[in-house]
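The chains carry the letters A, B, C and D, assigned in the order they are written, with residues numbered from 1 in each.
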Amino acid sequence: MSSTAYFFQQFINALSLGSIYALVTIGLAMVFSILRLINFAHGDLMMIGSYAILMLFNAGLPVWTAILAGVAISGITGIIMERLCYRPLRGSAEMNTLLTSFAVVVLLENGAVLFFGPNTQPFGILNFIQPTLAVGSLLISKIDAITVVLTLAILILTALFIKKTTLGISMRAVADDLTASQLVGIPLNRVIVSAFFIGSLFAGLAGLLWSARAGKIFPLMGFIPVVKAFVAAVIGGFGSIPGAVIGGYVLGFAEVFFVALLPPDFQGYRDAFVFVLLIIILLVRPQGILGAKAMERRI
Amino acid sequence: MILQVTDLEVFYGNIQALHGISFNVEEGETVTIIGSNGAGKSTTLLTIAGLLKPGKGEIKYLGTSTKTLPADRIVRRGISLCPEGRRIFSSLTVYENLIMGAVQRRDRKKIRADVKWVLSLFPDLNSRLDQAGGTLSGGQQQMLAIGRSLMSRPKLLILDEPSLGLAPVLVNQIFNVIATLKNDGTTVLLVEQNARRALEIADRGYVIETGRITMEGSSTFLKSNDQVKSAYLGG
Amino acid sequence: MHSGRQAGYTFMALGLFFLGIYLLSAYGNHYYQRVGNLMMIYVILTVSLNLSSGIMGISSLGQIGFMAIGAYVAAILTLPPGLKERWLTGLPHWMHSIQTGLLPAMLLAGLLAAVVAFLVGIVILRLQGVFAAVATLGFLIIVKVIAENWMTVTRGGRGLSALPAYTNLWWTSTAAVVTIYAVWRILKSPHGRSMIAVREHDLAAQSVGINAPKIRLLAFVISAFFTGIAGALWANLIGVVSPGSFYLWLTLLIIIMMVVGGMGSVTGSVISAVGFTILLELLRGFENKIAMYGISYIIFAVVFLLMIIFRPEGIMGDREFSWRNVRRIIPLP
Amino acid sequence: MQKKISIAILAIATVFLLAFSGPVGADTVKIGVIENLTGSMASLDQPSLNGVKLALKEINDAGGVLGKKVEIIVRDGKSDPATLATVVEEILGKGVSALTGLSDTTMVLAAAPAAQRMGVSFVSSGATSPSLPDEVGDCLFLEPFGDNVQAAAAAEYAYNDLGAKSVWVLYDKAMDYTYLLQRYFCDRFGGLGGAIISKATYQTGDTDFRAQITSLKSKKTLPDILFISSGPDEIGTIVKQVRDMGIKIPIVGGDGYDTPLLAKVAGPAAATDIYFTTHVALDSKGTKAFVENYNKMFGHPPENGFAALGYDAFKLIVNAVKNANSADPKAVKTALAATQGFKGVTGTINYPKGIRVPQKSVTIIKVDGGKFIFEKEVMPSEIPAP
């Protein structure tokens, strides 16, 4: 394998990993920008979406129906989560809502252990599109290709939604100035519920892609992606949706090339490196690498 | 009577900000509330707008109570508060800011017509529709804020310190717009530190001090009152 | 009430407490002793977290990182020399022959945790609110990754085992009493008042001459010191330290204990740590009875959610225990 | 308010203290089972508990032991050392004859010292670190073979039977088991004259191994085999991604592969040309009954090899109780140490004098098209020191 081919192969790895991070991060950032809530339970929506898809598929639904229904279940779970756990806490200290989201994680993960059992389960429902695509000496797994294309499509749709629709503009307005947006008559609950719903849909979809790549699901699967998405959100300037996307890709690339370029003895330090990066960004560029001036006052 | 406030009491935690104030606004009137900093003017307005919940008292709008309604429902009923400090959406464009003012409305065609109308009131904004709100000058931001409030087509427009921190030329411009609105028949509740200008334009006025209404009457009466003169009109 | 009499009550209460400890160590079975030890360690952890998070208001999710540091320091110090030589080749040579007792191990564990807190604090304490929370969570993960990867000093994922079981109820209860006393004294001192002032209003406090960054760092470092000691006690109680032991579950547990007890209340932290230790054991018993494993954590999470929704200030708010209040319900002499 | 709460807590505490200090009956033989039924280890330990339950049912259906029924006292360690150290005391307080359970070395190290102090034997059902018995003491027994034995068997099989002269190693850095396995493998493979091209690592919970695999692909000369040291939860994903990226080199590994997940996650096409060492071939005659009964009792076949290990460990203890003709922990310990020729599902167990790691033969399984095929049963000729 030539070094250029090697580089491109790693590039594709990073692109597809970054795409999933971006999908997860958008939901996290959307909710954060509106509520200043870091929702750790966001990752568990990936888990719930994946389990729902698998169960519906096992119950005999056609693949695509199962996927649509499963992703929808993830979205609805997000709405329920907001209604039961976060709405009663609206306006209380940031730390309290953060801790609440931790408690929700404990609740959902142990609930899943109880309900689905602790064991890893194979997730092969997309296996019929498994084979790889050979481009020259490059091998692209089709699931990667789908991930990248699907993510791009969603990103474009999201951008249009945020830019053009009243609801999208409302979300930005609420993120900008909560008080003023109430004064002009933006229905706050509807905007918050929408943000949770959309974010949770994306989480469900990311769960599908994540599980399809890994080929398995387990009750605790949501935690690592949400922590990573967290870092991605910080890289992009917490709360900014374009930033979330860029942060997701930057993190994907950083992780892949960290492992690719460093000797094995240091590969284990990957996550430490990721978090050192996070702390440095928080300190030096708290507005994220996008650096929009408007983000600064968030800190 | 479009707005009737009775014995309103508001608390911030344990601190009482309003000690039972009462006032009313008739349809088509322009009413001003004057008072010094911290007297409770903004608190009163935010309570009417539904952002603060009253401890005691009643707020009646067109005969029905609004004190338990959320802010967005109050806007839909026809009250629009243009807040102190403008609070425009700085990362949204001027056009988007205006659209947000009409977020409760569904009549797209009329909204577009109203954007034109607001732009005719504030021609300065015309060339900046795609500019981010945060990049506007202070005066333009104030115009945008008023314009945004007008976009909900309110029956009662509440303006909180619209002239604060503006150059005299701009103050004139703002008050001219208020006069236009008044002539068009909009009911306006105006809170101002610039009491002289406020009393010039208003039909009636109230004086608020440390959370209580201490004086009320027609603008002419207040303008000629010695206490008002010495405290708010610079002797 | 006369202050001398209050001191008298306090000494009597302490006497009773240590009598209880004596009875438990002499006659209690190992299970109750174990629960008692863990209870005391949780008291230390919760009270010291309360100093930095509750009283000082630093949103820290990284506290358990200091516990990990303390536990590893103590483990390395108390590990039998033969094993040290075989496993920890990265240590300087002179350390291979050293095996300390618990007291020096505890103190050094606390000190090193404090030093790390000082260095980390200089950097991280510039952040506020959720961003501090994120950064400290990052610190926790970094500590775990280092513990997993620094093979020649921490033995990686395999952890350090065969540690002497030095820790007993006397050690843990004494350390808990010392921690409570120290944090209480800090809370009642001018430093404590400065901390509350900075927490309540940073700028206002600075304008009256309080050095806010310094006082935040102070609280962070002292809190890390006691947390490090708890880590040392834990290491020589359980007998094995591994990277996964000091992670999210423990982090969440002590934060919940602190919040439920009341952020800012030392009394609340003690009540809550004691109460939760018992509650968790009871829930475990319940879980065994119905054989639905995992339900205890679910109940635990629901209790916390209800608490934070309906009584966000916790059991005690920021009030403290006083003999005066006790006299109101129980007629003391 | 807070007073009421503290009084309530005191009351609850009292009730709780009373509730757990009931008298210990002598009409049953009690065996403690300590497993991580929740948390990160649950996917290994829950099947292990199921194995124990199956064994219990079979034993009691056949009349128990010493004329008494056998009773298990199960506690969840929650994959948390502090909880483990607590629940083990709780179980020991109930007068058990012996303890079993746990599939991870660190977890055993947290739980077993208390048993050692009380002189109650602990048979680790799943942990395979050969140095474990020496780290804890004479009460600790391994049911499975040590990692050094299976790694040596894998190395000898790779070198001699597969003709491999070079290897690329990928291992999980966060697990004791995976670290030791690759270390012993490299010791033995190097000792035979094989070359270790390079090593790469990952951590439990990772789901993306492409960066490591791509760096393997970039090597000038590819190795003859890949030795991938992984736990049961990751191996399927790794195999899938290795094969997805077009690498057809044979893969060799240890008993972590012994899970239906390998074939199911990777898919039958990818799960080919894989060789691993394990305790037992689940399709062989000796295990057929076990698999069927397990299926009958739990509604699904064994999740992984830990089910069989838990089953055997429990029967091993009951066998010792029978041999000792006593439920006294000391007698059971002596009988355990003297175990010879105990036939379990996972092989025949002998404890040589003074050694509490069984001398068991190693089964080598070949995976072809997702099917596990018994290859051979071996005893390595040379075993690296623990």
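Heads up, the rule we're going with is that contacts are C-beta pairs under 8 Å (C-beta built on N, C-alpha and C of every residue); 3 or more make two chains touch, one makes a residue touch a chain.
Bear in mind that the values here come from a model prediction, so they are computed numbers and not experimental data.
K.L.:
If every step must land on a chain the current one touches, say how few steps get you from subunit A to subunit D.
P.N.:
Graph distance in the chain contact network comes out at 1.
K.L.:
Give the identifier of the chain nearest to the protein's overall CA centre, each chain being represented by its own CA mean.
P.N.:
That would be chain A.
K.L.:
Farthest chain from subunit C, comparing Cα centres?
P.N.:
The most remote chain is B.
K.L.:
Roughly how far is subunit B from subunit C, centre to centre by C-alpha average, rounded to an integer in Å?
P.N.:
Chain centres of subunit B and subunit C, defined by C-alpha means, are spaced 53 Å apart.
K.L.:
Centroid of subunit C to centroid of subunit D, CA atoms only: how many Å?
P.N.:
34
K.L.:
Cα centroid separation between subunit A and subunit B, in whole Å?
P.N.:
Roughly 42 Å, centre to centre.
K.L.:
Which subunit A residues reach two or more other chains?
P.N.:
In subunit A, residues 110, 113, 268, 271 touch at least two other chains, as defined above.
K.L.:
Hey, what residues on subunit D touch two or more of the other chains?
P.N.:
37-40, 173, 203
K.L.:
Touching pairs of chains, which are they?
P.N.:
A-B, A-C, A-D, C-D
K.L.:
Quick one: in the complex, what on subunit B touches subunit A?
P.N.:
49-51, 70-72, 74-76, 80-83, 87-92, 96, 99-101, 103-104, 134, 148-149, 151-152
K.L.:
Could you pull out which subunit A residues touch subunit B in their complex?
P.N.:
Contacts found on subunit A: 166, 169-170, 172-173, 176-177, 179-189, 292, 294.
K.L.:
Inside the complex, what are the residues of subunit A that reach subunit C?
P.N.:
Those in contact with subunit C are residues 36, 38, 85, 88-89, 92-96, 98-100, 102-104, 106-107, 110-111, 113-114, 223, 227, 230-231, 234, 238, 268-272, 275-276, 278-279, 282-283, 286, 299.
K.L.:
In their complex, what parts of subunit C are in touch with subunit A?
P.N.:
Touch residues, subunit C against subunit A: 53, 59, 123-124, 126-131, 133-135, 137-139, 141-142, 145-146, 148-149, 248, 252, 255-256, 259, 292-295, 297-298, 300-302, 304-305, 308-309, 312.
K.L.:
Given the complex with subunit C, which residues does subunit D contribute to the contact?
P.N.:
Subunit D residues touching subunit C: 1-3, 5-6, 9, 12-13, 16-17, 19-21, 37-40, 74-76, 78-83, 85-87, 89-90, 92-93, 105-106, 109-110, 113-114, 117-118, 129, 135-136, 173-176, 179-180, 203.
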